Amino acid sequence: MSERVYTVVPAPRREAIRSMAKRGERVDGRKPEEFREVKLEVGVAGNADGSARVTLGHTKVIVGVKASLGQPFPDAPNAGVQIVHAELIPLASPIFEPGPPDENDVELARIIDRGLRSAPALKLEDLAVVPGKQVWRVFIDIYPIDHDGNFIDASGLAAMGALLSAKIPKVTAAPDGTIVKAEEKVPLPIADIPVFVTIAKIGDVLVVDPCYEEELVMDARITFALTRDNHVCAIQKGGRGSFTPEEIERALEMALNVAPRLRSALENLRQAGAPQSA
Amino acid sequence: MSERVYTVVPAPRREAIRSMAKRGERVDGRKPEEFREVKLEVGVAGNADGSARVTLGHTKVIVGVKASLGQPFPDAPNAGVQIVHAELIPLASPIFEPGPPDENDVELARIIDRGLRSAPALKLEDLAVVPGKQVWRVFIDIYPIDHDGNFIDASGLAAMGALLSAKIPKVTAAPDGTIVKAEEKVPLPIADIPVFVTIAKIGDVLVVDPCYEEELVMDARITFALTRDNHVCAIQKGGRGSFTPEEIERALEMALNVAPRLRSALENLRQAGAPQSA
Amino acid sequence: MSERVYTVVPAPRREAIRSMAKRGERVDGRKPEEFREVKLEVGVAGNADGSARVTLGHTKVIVGVKASLGQPFPDAPNAGVQIVHAELIPLASPIFEPGPPDENDVELARIIDRGLRSAPALKLEDLAVVPGKQVWRVFIDIYPIDHDGNFIDASGLAAMGALLSAKIPKVTAAPDGTIVKAEEKVPLPIADIPVFVTIAKIGDVLVVDPCYEEELVMDARITFALTRDNHVCAIQKGGRGSFTPEEIERALEMALNVAPRLRSALENLRQAGAPQSA
Amino acid sequence: MTAGAGVKLLTEDGRRLDGRALNELRRCRIEAGVLKNADGSAYIELGRNKIIVAVYGPREVHPRHEALPDRMLLRCRYSMLPFSVAEERKSPAPTRREVEISKVIREALEPAIFLEEFPRTSVDVYIEVIEADGSTRVASITAAAVALADAGIPMRDLVAGVSIGKIEGKLAVDLSGIEDQHGEGDMPIAMMPRLGEVTLMQADGRFTREEVAQALRMAREAILKLYEEQKRALKERYSKVLAAELGEEQ
Amino acid sequence: MTAGAGVKLLTEDGRRLDGRALNELRRCRIEAGVLKNADGSAYIELGRNKIIVAVYGPREVHPRHEALPDRMLLRCRYSMLPFSVAEERKSPAPTRREVEISKVIREALEPAIFLEEFPRTSVDVYIEVIEADGSTRVASITAAAVALADAGIPMRDLVAGVSIGKIEGKLAVDLSGIEDQHGEGDMPIAMMPRLGEVTLMQADGRFTREEVAQALRMAREAILKLYEEQKRALKERYSKVLAAELGEEQ
Amino acid sequence: MTAGAGVKLLTEDGRRLDGRALNELRRCRIEAGVLKNADGSAYIELGRNKIIVAVYGPREVHPRHEALPDRMLLRCRYSMLPFSVAEERKSPAPTRREVEISKVIREALEPAIFLEEFPRTSVDVYIEVIEADGSTRVASITAAAVALADAGIPMRDLVAGVSIGKIEGKLAVDLSGIEDQHGEGDMPIAMMPRLGEVTLMQADGRFTREEVAQALRMAREAILKLYEEQKRALKERYSKVLAAELGEEQ
């Protein structure tokens, strides 16, 4: 329940970054509305049913997807199960400590979960094999391995990359309820491809895709998950500062502008894959 | 396994309270055998099946009861299940810390559990729906929210208030074992109405219903749970001091004297309720 | 994940022990290849199905075995289950702290588990009652109660002593799958009697069965579990130092030399018991 | 929250199940200073929601190494009592949901507090939900701000919150439990009422860009009403304290 | 403990299942100084109960912030080995029952110890039940007091305990496991034997006021017998230590 | 590991399922300096195994009371990502297996490090298995040694490891997952390659004395090959760092 102790930025450096922001400049030379170069690789973890590694500047995130048959949740007996887990492991940064998930791990997992669920990314109803009894349970495990800011957007991309590249056994339920797993593998049923875009507020300036130093000096951040048809399917404000309503509307506009480029890599994956149900 | 670090009473104040006790006086003007005013409200938590808030001086305790169908304990297949849980949340006092239950939480829950069970308060055998398979599991959750001493007696009153005011769905088991829940709600089957009375020893003096300052300076305490027919259905000695056997007998006499007044508010509740099975 | 803080041996004492070792001497007067006197008692915990206490110098270890019917592991449906648990309780030494198992508890349990499993000590396949459904689950609980070094070897002896002295109800499975427990008790099915021998390296010297002071100053240790026919059925190197391959071969020779004496007490137990299936 | 197949949340004349208009708050009552031990406290009823908040501090940080050299450490714990939920008893162990909500509530309160005024101290905000009926996180914020003020923590503004939901395609203020469960979206928003700045904003469901803008406007309006109730509760509290200090009965 | 439908615990001549009279203790044997590492230790067999106790201290408190400025910190941990119970293996994690018993045992021992003599230190009492057959908490106290004395902790008296049960309507001393399981009540009592003061008292079941008074008298009588065994064990221990110090074989 | 009833692991011409000879390692590729935040890092692919290692330190010990007055505190955490296993998703909580392996890996690395050179500091080695296919603990050691060197920790030698297994009665180098699962024994061995000293040795299965000796010889030979790859990776890393320092593009 307490704040994670972040490494402190020395006051002069802090002031320098904030003055640069005022002049429309950023520590890594980007423009305020500029997203860093994104690299997306899939199939990086061969025992997973789907996996992806996203590199965003120096930030690196690996996501693996594993699906197994099991019971549905009691309140949604006719739908598959989506479980998102994130762990800010100490390998990725000296500011992360070993131990059970803390509020930052939980927040990251829950933002991604909400965005995927509201879009929706997975057609959960297509993942029920024997409704009420046997459904696919899809685990999405997020592991940042190098930290240079903006884990949310990188994790969202890697999660979608892993889902889009995943293949699960084709199963059929016999009339007596027994389930037969075929050798044949099929992709997961994908309905939409949400992307996450985070905007940081530094003084009065909004910047897209903050790097780590910017996160340390920012006042607040706001993340939008955006569907293909430009709906907002999740929002999360973070940080100790506040936004005016106008700033929020401006941030949303910035997010809508960069979303198509982020999504394009994922769309490519999709076209490369097997025929999809949506 | 270690003692909770209690706020220390400054030595002069400590001595003052102890000398007052010798003269038959108490910090809040009460007589040694005098219980504080008790206020009992029921229905304070509308999502619970039964609930009560007890105010005892500045001490406040909320108890909620939730019942659900589930499996019996293997060693009592034909009886319902009673589970008492207590949590000394940091909201109630600066001396309580967040975290998993410690020995004080556990002791409080277990004293109340023993008193209710031995009286018995609930007729557990009447809570078996399909013996051996489906029984009512009754959770009694105790949450003190302001701490001015004597949580045990306040919790006991609130627990009984919550049980007496609870209503659960009327259920019937079809011959094939399926269970039908009716719209109609019925009270829980109550056999007895135990009350808890705690006596503190300060020097050579016994006082009923210690307030927080008295708890801080007392040598020891002893609690009796008492049934309607004046049986002792639970005892618990606490604290770093000891009692002579004579003091214990005297304490029991004091407890028997105040019990009827404490029970009267609960008896009123009962008469106000629907017809009872006992 | 961190090292347990061991009591430090003062430098002069440390040097003394190491020089003694060079001269072939040991703190308790033993020769390098000499195992301490072993005392093995069985039936020390009457509610266990089998139990043993081993005394090895001042080191004392109690092991209890409890068997109960339950489900097999999914990856071995036709075999009983062996679960080894060890707890270095603070009663046994000031260097042990209360709390959940740490790496030392886990390592001890897992070494014993591997040795018993690879020998194998228990014929797990004979412990399946209704294959795939109901099997014996055998819990082997290791509790050192006084610590003068070499818990591994003492625990191994006590574990085998407890297994060899254990009696479980004779059960039969009716065709409809119900299980009948007879009054009659039978021994556990034992296939082999592994013993564990630990050799410590102090400077260039190898010594068998290190006492606690020797463990504090040793460079490293290596344990061999040995079957009746002189197979190595488990190895575990521990400690911050290293061994040359020649030292390992020499250590194994030393272990093979002392193993028969250690095993003899166990063999006696076996002959004293009821007829065995092996 | 799942899309509400089959549950009608709006009547034919556009009213909600509990008779409210789309932009109508449920009845809200706040009481300040309800606990004796806490340095500040508040109790809120918003519809059937019942939430109690205690504030302790500013006080020495425990454990000490968590103290911050340049500002106060604010800590929040939001938790639901096991019997507060309409469903089966909730386990008392903190859920992931409670962990996340504790974090966003803290970050919703921090912008309003002069954190720099008490470096090396902590303020702890404990929130217990006694009865839950939708929108508990924002109701918790509304009450917590009152409890902080009651504790005398210096603040640049209060904070109040409301959820904007989407039911049958329309935006609605202050979702009830059943509306949250069967509606198409939930967007909790908290603001500093005087300054008009957003300190908490979350959403699930699907909203257009225009709906987001509209939700912010609706939230502002509702929050100003909640602000009046916050001020009323604090005024009542101060007059009681004052009366007590002047030697009268409280 | 549940009311014992159908299990007869008394024979027709008023004897108990193990042949004891109602006021008769089971055979009790105590040995002091059974462990080498501990500063004090004791082993007790009471009927089939087998319990070992180790005492460490007085020593520096770890973690330090738990140290008390004006007295010794006494800590107790009562635990049952997984195979000590007649039923299925007990999980090694501490149960709520063990947590409570650890607390009441500590509070049963504290009155006998001169806690003020060693401020800022701790004494840790570790109790492991190897075999359980009823009345383990009081047997643990009886052994723990001997272990404390063996450790040289200054005490104003020993402490010994016994359970008084109710079987077939009659009070009985020192309940066995089966009597505890099928009897009508259990009242564990510990006293300082010389001073005659009660340091632990608990009960479940139903007792009249007169039965409580009678139970206290029966407990006193039994505790004086246990006290003799405690003293015998300590005397034996001292003579062994003395013999060892005088250069003889122990 | 259970005896492999029915699964043939050797072809008729004595080759293994993946075509290797008995003394043949799988393809091994190591890359040093793969992470920006860590003080040292390495990535290893051994067959299908994919493992990443980060090293932090020497740095101040946290929590402080764990600092050692006379040497560096080395800490290791080996863990498998939930999706790294061929079976169903692994729970993220550390298993007993992971706890033990973390310990033996630490003790396999310690002999190679000049621990006394940095008293009162800690070095933390974090190992994450991304994809597992047998012999992960020894592959982790091989990578960890490179990561330690990359971090500039003074070492008397590198450490590399290999597993020697027993399949169809024959010793085989570098067990794959299927060989580990169906083989008759697994003996992981790590050595300091130049010094030829064994720093990790474990075994399950059954081995004769002669087989143990032979396994040590086979391990030595394989480890020298892994050592070449370790040196190549470090050389590549140094030349990149150097190039970067000389102002060239890396």
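Residue numbering begins at 1 within each chain, and the chains themselves are lettered A, B, C, D, E and F in the order written.
Just so it is clear, a contact is a pair of C-beta atoms (placed from the backbone, for glycine too) under 8 Å apart; a residue touches a chain by one contact, two chains touch by 3 or more.
Quick caveat, the model's predicted, so the values are computed rather than measured.
Think of each touching pair as a link: the shortest run of links from subunit C to subunit D has 3 of them. Touch-path distance (fewest steps) from subunit C to subunit E is 1. Its interface matching that of C-E in over half of the contact pairs by residue number, A-F stands out among C-F, A-D or A-F. Ranking every chain by how far its Cα centroid lies from the centroid of subunit A, the top place goes to E.
Centres computed as Cα averages put subunit B at a distance of 31 Å from subunit D. Each chain gets a centre from the mean of its Cα atoms; for subunit D and subunit F, those two points are 51 Å apart. Contacts with at least two other chains are made by residues 1, 98 of subunit B. Under the contact definition stated at the top, the residues of subunit D that touch 2 or more other chains are 77. Taken as a contact graph, with one node per protein chain and an edge wherever two chains touch, the assembly forms a single closed ring in which every chain touches exactly two others. A single ring links the chains, and its order as traced from subunit A towards subunit F is A, F, C, E, B, D. Chain contact summary for the complex, subunit C toward subunit F: residues 1-3, 5, 76, 101-104, 106-107, 109-110, 114, 117-119, 220, 222, 227, 230-245, 248-249, 252-253, 256. By the touch rule above, subunit E contacts subunit C in their complex via residues 35-38, 48, 50, 52-54, 56, 59, 77, 79, 81-86, 88-89, 92-93, 124, 126, 128, 130-133.
Residue ranges of subunit F in contact with subunit C, taken from their complex: 2, 66, 73-77, 96-97, 99-100, 102-104, 106-107, 110-111, 115, 185, 187, 192, 195-209, 211-213, 216-217, 220. By the touch criterion stated above, subunit C contacts subunit E in their complex at residues 44-49, 51, 58, 60, 62, 64-66, 68, 85, 87, 89-94, 98, 100, 139, 141, 143, 145-148.
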